[in-house]
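These notes open a run of structures that come right after.
The following pair of complexes shares a single chain, subunit A, combined with subunit B in the former and subunit C in the latter.
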Partner chain A sequence: MKGLLLPLLNTGLALLLAFALGAAAMWISGYDPVLSYGSMLATPLSDQTYLFSALAFSAPILLTGLTFAVGLKSGLFNIGAEGQAYMGALGAVVAAYLARDVLALPLAVLLGLVFAAAWSAVPALLRSWRGVNEVVSTIMMNWTAYWLVIMAVSTVFANPLQPEESVKMPEAARLTPLFPGTDLTLAVPLAYLTAVLIYVFLRYSVWGYRISISGQNPTVAKAYGIRPEQAVLVAFGIGALTAGLAGVLQVAARPPSYSLARNLANVYGLGFDGIAAAMLGRGHPIGVLLASVFLGILQEGARHMQIEAGTPFEFIRVIQGLLILFLALQMLRKI
Partner chain B sequence: MKISLREIHKVFSDGTHALRGVSLDIFPGEVLALLGENGAGKTTLMKILAGVYRPTSGEVYIDGRGVKPKNARDALRLGIAMVHQHLSLIPRLTALENVAILEGASLSPASAELRKKVEKIAEELGFDIEWDRDVEELPLGMRQRVEIVKALYWGADLLILDEPTTVLSPPEVKALFQVIRRLKEQGKSVVYITHKIPEVLEIADRVAVLRRGLKAAEFAPPYDARKLVEAMVGEVKGESVERLGKPGERPVLEVKDLWVYEGGRTVVQGVDFSVREREILAIVGVEGNGQEHLVEAIVGVRKGRGVVKIHGGYAYIPDDRHKKALILEMSLVENAVIGKEGEFARRGLISWRDAERFAAKLIEEFGIVAPGPWALARQLSGGNQQKLVVGRELSRGGRLIVAHQPTRGLDVATTEYVQRLLISARNAGAGVLLVTSDLDEAYKLADTIAVMYRGKIVAYGPVDEMGVELVGRKMAGL
Partner chain C sequence: MIDILPLLLMQALLAAVPILLASLGEILTERSGVVNIGLEGIMLLGALMGPLAVDYLHDRAGLHLPDTWWPFVAMLAAALIGALIGLLHGYISAYLAGDQIISGVAINLFAAGAVAYGIQAYWGVAGYKQVPEWAKADPIWVAVFAFVVAGVMWYILFRSRLGIVIRACGEDPESAFNMGVDVNKVRLLATVIGAALAALAGAYLSIAYLSVVTKELSAGRGFIALANVVFANWNPALAVVGAFIFGFFDALSYWLQTLNLARYEITRMIPYIATLLIVAGVIGRARPPKAVGKAFRRE
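== the complex of A and B ==
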């Protein structure tokens, strides 16, 4: 357990610093940090409905976090989850448009994953064949997806009754709350299960091993017949599937709207929250799971902080940003 | 100023014994060449002088006074400056700004006075430097000149140049030699670290040869190139050990007309040879004559033009276990199955229990001293890391074994052990391509010897027809 202690301490330190500086920012801005943090953390943990809502927030963050974590393992800085989640959501919307019954659900998963994978294929192949830096290419793909999906949702797939959103998932194809009155759908256990599967994949599968070796030292990999350019493709591919699933589930399994907002509000930022979760979870799938639950609690808690302490929701962004900053500093020092 | 190093030892934290008691004098106004193979300890010794490393034991004297340089700035205050192989200027600052700053010192603005002084030093050396351009935009040769000016500006009396010609084109090399001569005229001393003999012949007033962390010999002109090579790579004392039977007929490796390029240079120039079963072919040569590129083209890490045919799989023991063979942050178990992970998998999943058993077997069989199979490779000493690599590779069961400097940096016992393993693999029918710059090792192991010089095989033949004198001469390019 010695190997676990140091990362935990480091993560704890980053959390402490982020919250301390966040508190300072609140105090300077004239808000009460004690009351703010109290309502932020206590409310979601003391009420089942709010807790479930926090877990519902955690699911898509976890899935996009896994994209980044698998990328890191293979030596990539794959920040394409954002755009791939848009494409996944678009897939679900297209399915909702095409099929008006229960079939829309499997179709949504299929199309969403295919769209996301296609979106990831561009940076993946560029990186694999020509060594094109994935940071630049995935950012470009993110923005292309952003405008493309907005265009699709505002035109062909717009909801004629509610033009600020897309067509809705047919009722038969929706994943509804497991407990009435909450936001907790099958999406949550599904996302957690995915994290476990990814863990098993990385730890036990041949390709998971090849990804780790290639990520740690491509020279060694090449010398012994492991091809890093293939490992990169696999890592990109798996990342696309989890990110695409996040997008699909935001449409098919997230009450109350079951549609994609025209400004993409219900998928916007998932990729970046995922990066935070992956960094906070130190790239380990189970760590990312725990981190995403924590971030989910913060997101849910921030709403209560706004109501109960009057502290603006945006402070959660400040804290999350600081957290990433401190975690990134620790990563840099290691390199 | 006269500098004396006395009985310098250096043991690194990973257990590498880089220096084993070296004493050396550097006199004012001389060019001392420090000759030796990679890993002989040349750079380590000079970094101790330049304040980069502290010696584990031993003393440094300047004009009879004991000194202990703590960092580069401290060394510079004593008049010692080192121009590192990987130059240490700040890319985003201009050449002039780089001269102005000093490790640990605050950034002083490039004043007119500074500029005048710097330009005067440059002029005396015949340098034409664009002082106001960012260093990252300057060619490597010019960056080196900036470093030399910087050292002189801060009052260095001893200039240590670490493999200065690796980044230079031939005309730049010529210019550098002129600068060195001019520095000498100004009364400065220069230590010239290299493994290239022609350079030594041209520039050195005196030569000290390091080998495996010890001073092997000192020479004064006129030099005998062959003696220099011999001191560098070790005299041939070994007898052939228990090689049983003659090499077979069937080739396990065929290389035909192989060319390898890097950055516009042709590093391997049309090499032909083959390795047969039950044969150890030693390719010898002073390092940097294309051996590394040749090996890496054969195992497919590098691209080459020509034909490489390997019959029946291969094992690869690279020259740098940290960078090319092991992943230090992973466990022995994970390292043991690199490249053979498929053998431990069923339906795509690796059985780590089987892998652990295999690692335990390697530990047992090859006498690897390790806390356990799940210990990180980093925790092992250099010798045990190498045993892990050799064990893993020999258990691959390939009919060809490519061994590149397999005993570099190992202690005597481990060296002996690894060499025995290679011979028994050969006796069992494998073909071994041994690329080494240790002549002793080559004569001890090889059935056939080939000499590589400037990317070509310049001599080739059975070991008993390849006399030491001939090989030494060919290695020196004569």
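== the complex of A and C ==
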């Protein structure tokens, strides 16, 4: 437990400073920090519908957060979850286009994961064959996916009835709310279960061990007969599956639209929220889970903040950035 | 086709400027031993701060200046915000021995939020603001400035004593320290200057090149600049060549768009795919400074 105290204190301090600096920024730009924070934090926690909505926001953030966290374990800075989530969502849209019944759901998962894995294979192979740094290559893949998926949902997979979105998931293939009137679908427990599975995988499986050792010290890994390049490939692969799943679920399990917005609004930024969740959760799957619930509350809260205090929704991204910056500072090093 | 070529090359030159400025900054920073992957975010902040500062001084504070001064004021404001972020990143990287990649990622996240928020909070519009005519700079002058910086930086890095000091901090900080160099101070200053140049690249985008502020204005150019640093093998002279190549694909993408041969989404992918291919092709011969990304601690 002693090893946990310092990180917790550092995280608490970073949270405090990020919110304090955020309040100053809000005050300078003419918004009311007290009212803003009040509606942002109190509303999601005071009403069950809003709380469930916050949990619904947390699911995709957790899944893309796991992409970054697993990468980090193997020594990677895999920031490709953004584009891989777009590709996952595209897979679900293609499935919705091909199958008009319940079959669309398994097909969505299959295609989504395959598309995302294909998207992640490029930076993964470039890294292991040519030593290309993954930060640059994954960002390039993200932008390529951005334009590719926008083109796909504006053309072949456009919804003739609603020009601003793609074809919808067939009704039989949708994951509907577990509690009527809320946004909470099976996506949420599924995402949380994934985090637990990845925790068990990293902690107890042979490959999990190989990934951790390769990330901590590639030289030692080699001395043990572990090939770090292979561990990196596995980490890329697992990351692609969780990011792809995030994209699939944003289409198949996100009421009310059950489609992909033409401007990608329901998947845009997921990868970057995931990075924030992974860093806030210190790369530990369960930590990422807790962090994603927190960020989900902020996301839901920000909608109320915008309505009640007039403060722009984007403000939470400012808070997230400040938070990670303060975490990077590692203000406390000894107790 | 032949008569379009000069125009296309001109467009490539204009598209090369932001990539060149940001890569030059990063070359200086990495030569001193600090890696800053927050270039993209710093560019975005510069792109916002330039127009925002002059708008504030001109419209809200009512400052009277000759019209030709405003673009310089905008550039200066951008450079200042860049330097400020550089100070933070440099301090974390050098003095606090923090994780430089995490700090860079945090800068990118913060900037993406701050720029979207700033546009909304200051102008009250969602993510898109035209730059007023009086604040615009002539892109050619910025291009000239970028080439001068490239020349000066090449001279300093490879032909002056100061350059030996800077490179020593990135290659072998222990020896530099033993020769009496304040390694962390050099690294901090190099990071500040590097970030200021990245912010100027952003201001160029908003006040000279695209004449608009949006929350996605940099569109990956900060990361293309990182690719160019590798392509140029950390040499400012080669960075000019690289920036021109990367700029060419950017210009090509816009030019093909005007021809209506394919959907614009396809042409918009060109710069990113080209960057991937170029980086994959040159990576073997690139040799980064030995101590880049590693904090220097005296025992």
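By definition in this document, the second predicted complex is superposed on the first by the 328 of 335 C-alpha atoms of A that agree within 3 Å, B and C clash if a C-alpha of one lies under 4 Å from a C-alpha of the other, contacts with A are read in each partner's own complex, and residues count from 1 in each chain.
Convention: a residue touches a chain if its C-beta (ideal position, glycine included) is under 8 Å from a C-beta of that chain, and two chains touch if they have at least 3 such contacts.
Computed from a prediction, not measured in an experiment: that's the story for all the values here.
**Q** Record, for the superposition on subunit A, whether partners subunit B and subunit C clash or fit.
**A** Here subunit B and subunit C cannot both sit on subunit A without a clash.
**Q** Quick check for you: in the superposed arrangement, does A:M140 touch first (subunit B), second (subunit C), both or neither?
**A** second
**Q** One more residue to check, A:M87. First (subunit B), second (subunit C), both or neither?
**A** neither
**Q** Would you sort A:L55 into first (subunit B), second (subunit C), both or neither based on which partner it touches?
**A** In the superposed model, A:L55 contacts neither subunit B nor subunit C.
**Q** Looking at A:I213, would you say it contacts subunit B, subunit C, both, or neither? Reply first, second, both or neither.
**A** First partner only.
**Q** Answer with first, second, both or neither: which of subunit B and subunit C does A:V167 touch in the superposed model?
**A** A:V167: touches no partner chain.
**Q** Pick one for A:P312: touches subunit B only (first), subunit C only (second), both, or neither.
**A** So A:P312 only meets subunit C here.
**Q** Once the two complexes are aligned on chain A, which partner has more residues of subunit A within touching range, subunit B or subunit C?
**A** Ranking subunit B and subunit C by residues of subunit A touched puts C first.
**Q** Which of 38-46, 146-154 or 164-172 in subunit C clashes with subunit B after superposition?
**A** 164-172
**Q** Counting contacts the way the document defines them, which residues of subunit A are shared by the two interfaces, the one with subunit B and the one with subunit C?
**A** none
**Q** Quick check on the complex: what are the subunit B residues that touch subunit A?
**A** Within the complex, subunit B contacts subunit A at residues 299-301, 316, 318, 323-327, 329-330, 334, 337-339, 341-342, 345, 348-350, 352.
**Q** Which bits of subunit A are touching subunit C when the two form their complex?
**A** It comes out as residues 25, 29-31, 77, 79, 122, 126, 130-133, 135-137, 139-144, 147-148, 150-151, 154-155, 272, 275-276, 279, 312, 314-322, 324-325, 327-330.
**Q** Going by the contact rule set out above, which residues of subunit A touch subunit B in the complex?
**A** Interface residues on the subunit A side: 204-207, 209-210, 212-213, 216-217, 219-226.
**Q** Across the complex, what residues on subunit C touch subunit A?
**A** On the subunit C side, the touching residues are 37, 40, 88, 92, 96, 98-99, 101-103, 105-114, 116-118, 120-122, 215, 219-220, 223-224, 226-227, 230, 263, 265-266, 268-269, 272-273, 275-276, 279-280, 283-284.
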